[in-house]
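My questions will all concern the structure given below.
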Amino acid sequence: MSVTKRRGRRLATLALSGVLCTALLTACGEDGTPTLTWYVNPDGVDTLTTLAEGCSTDDYRIELQELPSGATDQRTQLARRLAAEDDSLDLMSLDPVFIPEFASAGWLAPLPEELAQQATDADVLEGAAATVEWDDEVVAFPQWANTQLLWYRRSLAEAAGLDMSKPVTWEQIISAASDQGGSVGVQANRYEGYVVWINALILGAGGAIVENTEAGTDAEVTIDSDAGRAAAQVIADLAASPAAQSDLSVSNEGTSLGLMYPEGGPGEFMVNWTFIYKNYEGLTGQPGGPADQAGFEDLGWARYPQTVAGQESAPPIGGIQIGVGAYSEYPDYAMAAANCVTTVDAQVQLAVNNGLMPSRASAYDDPGLQEAFPPDLLDLFRTSIDTAGPRPQSAYYSKISGAVQSTWHPADQVDPETTPGDSAEFLADVLAGEALL
Amino acid sequence: MSRFWPRFGMVVGIILILIWCLLPVVWILSLSFKSEDSIINGNPGFLPSEGTFAGWDNYVGVWENDQFRRAILNSIGISLIATVLSVALATLAAYAIARLDFKGKRWVLSIALAIAMFPVVSLVGPLFDMWRAFGLYDTWPGLIIPYMSFTLPLAIWTLSAFFREIPWEMEQAAQVDGATSWQAFRKVIVPLAAPGVFTAAILTFFFAWNDFVFGISLTSTEAARPIPASLSFFVGSDPFNRPASLLAAGAVLATIPVVVIVLLFQRKIVAGLTSGAVKG
Amino acid sequence: MTTTTAPQKGRARPGSDRLVAENRLGRRLVLPAVIVMLFVTAFPILRALYLSLFDYWLTAPDDRKFVGLDNYVTALTDPLFWQATGVTVFIMIVTVSVELVIGFGFAMVMHRLVFARGVIRTSILIPYGIITVVSGFAWQFAFSSTNGFINEWLHWVSLGNFPVDYNWFGDTWPALTAIMISEIWKTTPFMSLLLLAGLAQVSEDMIEAAKVDGATWWQRLWKVILPNMRAAIMVAVLFRALDAYRIFDNIFVMTAGAQNTESISFLTYRQVIEQFSFGMGSALSVLLFLSVLLVAFILVKAFRVDLAQARQES
């Protein structure tokens, strides 16, 4: 999930990217310098533009091409170009869940030995490094990483008597919010974000939606397990509790933002991506945000809640990796360019300017970044990314995700007794091509 | 019965028609003037509420978006080329159908009829497959060709209906003077048929301008993406909500050509639609 | 749309040279149009027929394997397919009926119009000319609980009984209602123009005669006007029905198929373009094609009308 919030400077960004692209388009092709096209998702386009300029050399120029905002649309646009063996698709920003599918279709050029080692060296946080490998090859450069934390109002947790310095469970936050008249914000619309939640819950209970994903459609469906039931239990408990938000069945990363600082009431616990901090900082004193600085300081953060008490949680991982198109006309240039836009320095720029967290540990020590975020929050981001649990890494991920969405939605119909079993059956049928999705 | 009631009913009817046709248009115009910030926080109501009037901001924002500008260019170019080509082919065919005796005429008409009813979506898969093999994927010709095919029935119908109204004695006179069928067609009939051709062109243009299915399936970048597809992929600054007011501004811009054409040529369009059109 | 097949007056010539030439010219003139029409329809649909026999994924082109009719069996036994078909048929029936009634009302008004002709004609063409996607957006935002006006107006009309924060897109029926309203809004004008053309062919004398005989307005409508514009009504219904059966744009824009509002076209599109399931997608394409043929066949049979004939009459 590549998600950020950029309330300010939206027009400026639009205008800037418009002008730059026009300028680039007219400049390209005139002097015969090869142009590399980099398909980017619309997060931090201003910084990406700067990176593209900085990484252009005398040999080639890098030009941006913006993808639609939805993850599904991004995947479709890229995949269709790749299926058409487009040689002008040089670099692409990829959500980690697409990598196995693209790599197994042979659409991503594997990194040469040296770059491969560099792109996955010890400095790269484990959660991010794990998502760029497929079939023993490194097929993308980690650029930035995203993870979910538990965001909450300190005053709410305190009133409920919850000790947030220790790991908390879903059960605890649901009952704390219910007792205090607060709510719990999650993502449970029928979309990818819901699978992020379900997957994290299942991993947190020591299970997995599917195992042996390398086998493609013959992967082993393991959602019908104790872990699956534990996850379903959390969802059912929340849906039935007074802490559930009224738009639970259509909730996404944006719908519960307003409930952190509601007109009346104690606020909420919310699992959400890293952009939350900057979001409320920018909203201080504005409608939908904290009333003043003290209100903003009431915003707390903790590691993703545990599904099972005592068992370490598996926070979701998202972000962007840069892949090189297998049909690129200039693969060597593209590799060099991809390497250039994913350096520590590039990652720091994205983090400072746009709040997109680095996938390299050393980037977190940058003074600029240390100034922009509280140190304990940065630490938490880093640990969370380092110990995150990915969604199933399967070439058929979109089917897996779709099948889970269709059987687990809406959240208030989830039944720990039947839902995991039903979804396992449906998922197996879908993988076998015996059911429509 | 007095004359009052029919007249009263007429006035009510006119008002109802006007409300029906124009209310959503006025609404999208009004929405396009609401400020983007107010949309994110929720700004219900028909007109921009106090302090949320954005002036031309949304229009400036849309216009400065390179993707949208390219989409307008694509739509205009693709639709115009498709229209010209389609009407040219349709003119030939319609002439033959209206004027000549030849074997297979019914067959041609049946094909046209079948294509007018063809479920477009069932073609996107195979067409995508073909286009990527031919290198037509995400190019102008890749859209122009299907637009031609799907507007041809409409154009053939409209045109042959018009051609039947033409005083053909003039053609016969020309033929008596020694002109061949072809010469008679070119010198005498083409000028007479021009108004019909023009009407067919407008309807064809509307179809191409309106298309969405091909627009989203056979393109993937601004190289060929037309306006409807571009609107549906419009990237706002807020990833969780559609940028309603920006989209509204884009929608208004995309509608202006249609309104201009309608204002200028409403008579011709109505005549075309009711004489031979199937759908537009 | 047939033309007179009998040789025309003054042109009948026993000599066959001229006829042969005419035959040849006629074929030559229609040939380019026919080629273009078939290139983009017949050829691809045959290819879809072929691909539908395979388990074929765009993301794994090398794993393509022949599965015979398996895809059809899967599709036809799948609840999702039938649900999408049900939704599609429902939308078709409701929208066409509503359009027919409202469109007829509009046509009656326009037929009797003595003033403001240009204004009305211009206004009625605007929904017709507007891009369907734009119509979808306009109505989606109008129904939106955060930025729309419809909830507010309904709240006011119902004296406060209708909830202002009602979510039209949270459940199947309200979402379908919103989709159908957008569809009806955009296409009623077209319907009314076709019906207007039909109305123009009903002779005023017959209506006057019925009036003299003491027939009420209602009787005149049912006994004189409607039977005399049967052909126009049938053409309008047939083409609108087939068009409604292919509904795609509004669903894509307004719900993207969420809350079980998926039509058969949308389901097919998703299999092909989003899932890259070319085998199954092709099978669905073929089924969609066949179902359109079936609907056309049923309508034509039900109306017992020769389409070609009817076109010419209207």
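Per-chain numbering from 1; labels A, B and C assigned in written order.
Methods note: a residue touches a chain if its C-beta (ideal position, glycine included) is under 8 Å from a C-beta of that chain, and two chains touch if they have at least 3 such contacts.
All values reported here derive from a predicted model rather than from experimental measurement.
Engineer: Minus subunit A, work out the clusters of chains still connected through touching contacts.
Structural biologist: Subunit A out, touching clusters collapse to one piece.
Engineer: Name whichever of A-B and A-C has more C-beta pairs touching across its two chains.
Structural biologist: A-B
Engineer: From the mean C-alpha coordinate of subunit B to that of subunit C, what's the distance rounded to whole Å?
Structural biologist: Their C-alpha centroids are separated by 15 Å.
Engineer: Could you please state the distance in Å, as a whole number, between where the Cα atoms of subunit A are centred and where those of subunit B are centred?
Structural biologist: Measuring from centre to centre gives 40 Å for this pair.
Engineer: Which residues belonging to subunit B are in contact with no fewer than two other chains?
Structural biologist: 128
Engineer: If a residue has to touch 2 or more other chains to count, which residues of subunit C qualify?
Structural biologist: Touching at least two other chains: 273.
Engineer: If I count partner chains per residue in subunit A, which residues reach a count of at least 2?
Structural biologist: In subunit A, residues 80, 83 touch at least two other chains, as defined above.
Engineer: State the interface residues of subunit C toward subunit A in the complex, per the touch definition above.
Structural biologist: 55, 58-61, 70-71, 74-75, 78, 80-81, 167, 169-170, 258, 267, 271, 273-276, 280
Engineer: Any idea which subunit B residues touch subunit C in the complex?
Structural biologist: Going through subunit B, the ones touching subunit C are 6, 10, 13-14, 16-18, 20-22, 24-25, 27-28, 31, 34, 39, 42-46, 89-90, 92-93, 95-106, 108-109, 111-130, 145-146, 148-150, 152-153, 156-157, 160, 164, 172, 181-182, 206, 209-210, 212-213, 216-217, 227-228, 231-232, 244, 247-248, 251, 254-255, 258-259, 261-263, 266-267, 269-270, 273-276, 278-280.
Engineer: Where on subunit A is subunit C touching in the complex?
Structural biologist: Against subunit C, subunit A makes touches at 72, 76, 79-80, 83, 101-102, 104-105, 190, 216, 247, 249-250, 395, 398-399, 402, 433-437.
Engineer: In the complex formed with subunit B, which residues of subunit A make contact?
Structural biologist: Spelled out, the residues of subunit A in touch with subunit B are 3-7, 10-11, 13-15, 17-19, 21-22, 42-43, 65-66, 68-69, 73, 77-78, 80-81, 83-86, 252-255, 287-288.
Engineer: Tell me, which parts of subunit B touch subunit A in their complex?
Structural biologist: 36-37, 40-41, 57, 60-61, 64-67, 69, 128, 131-132, 137-138, 220-222, 233, 235-241
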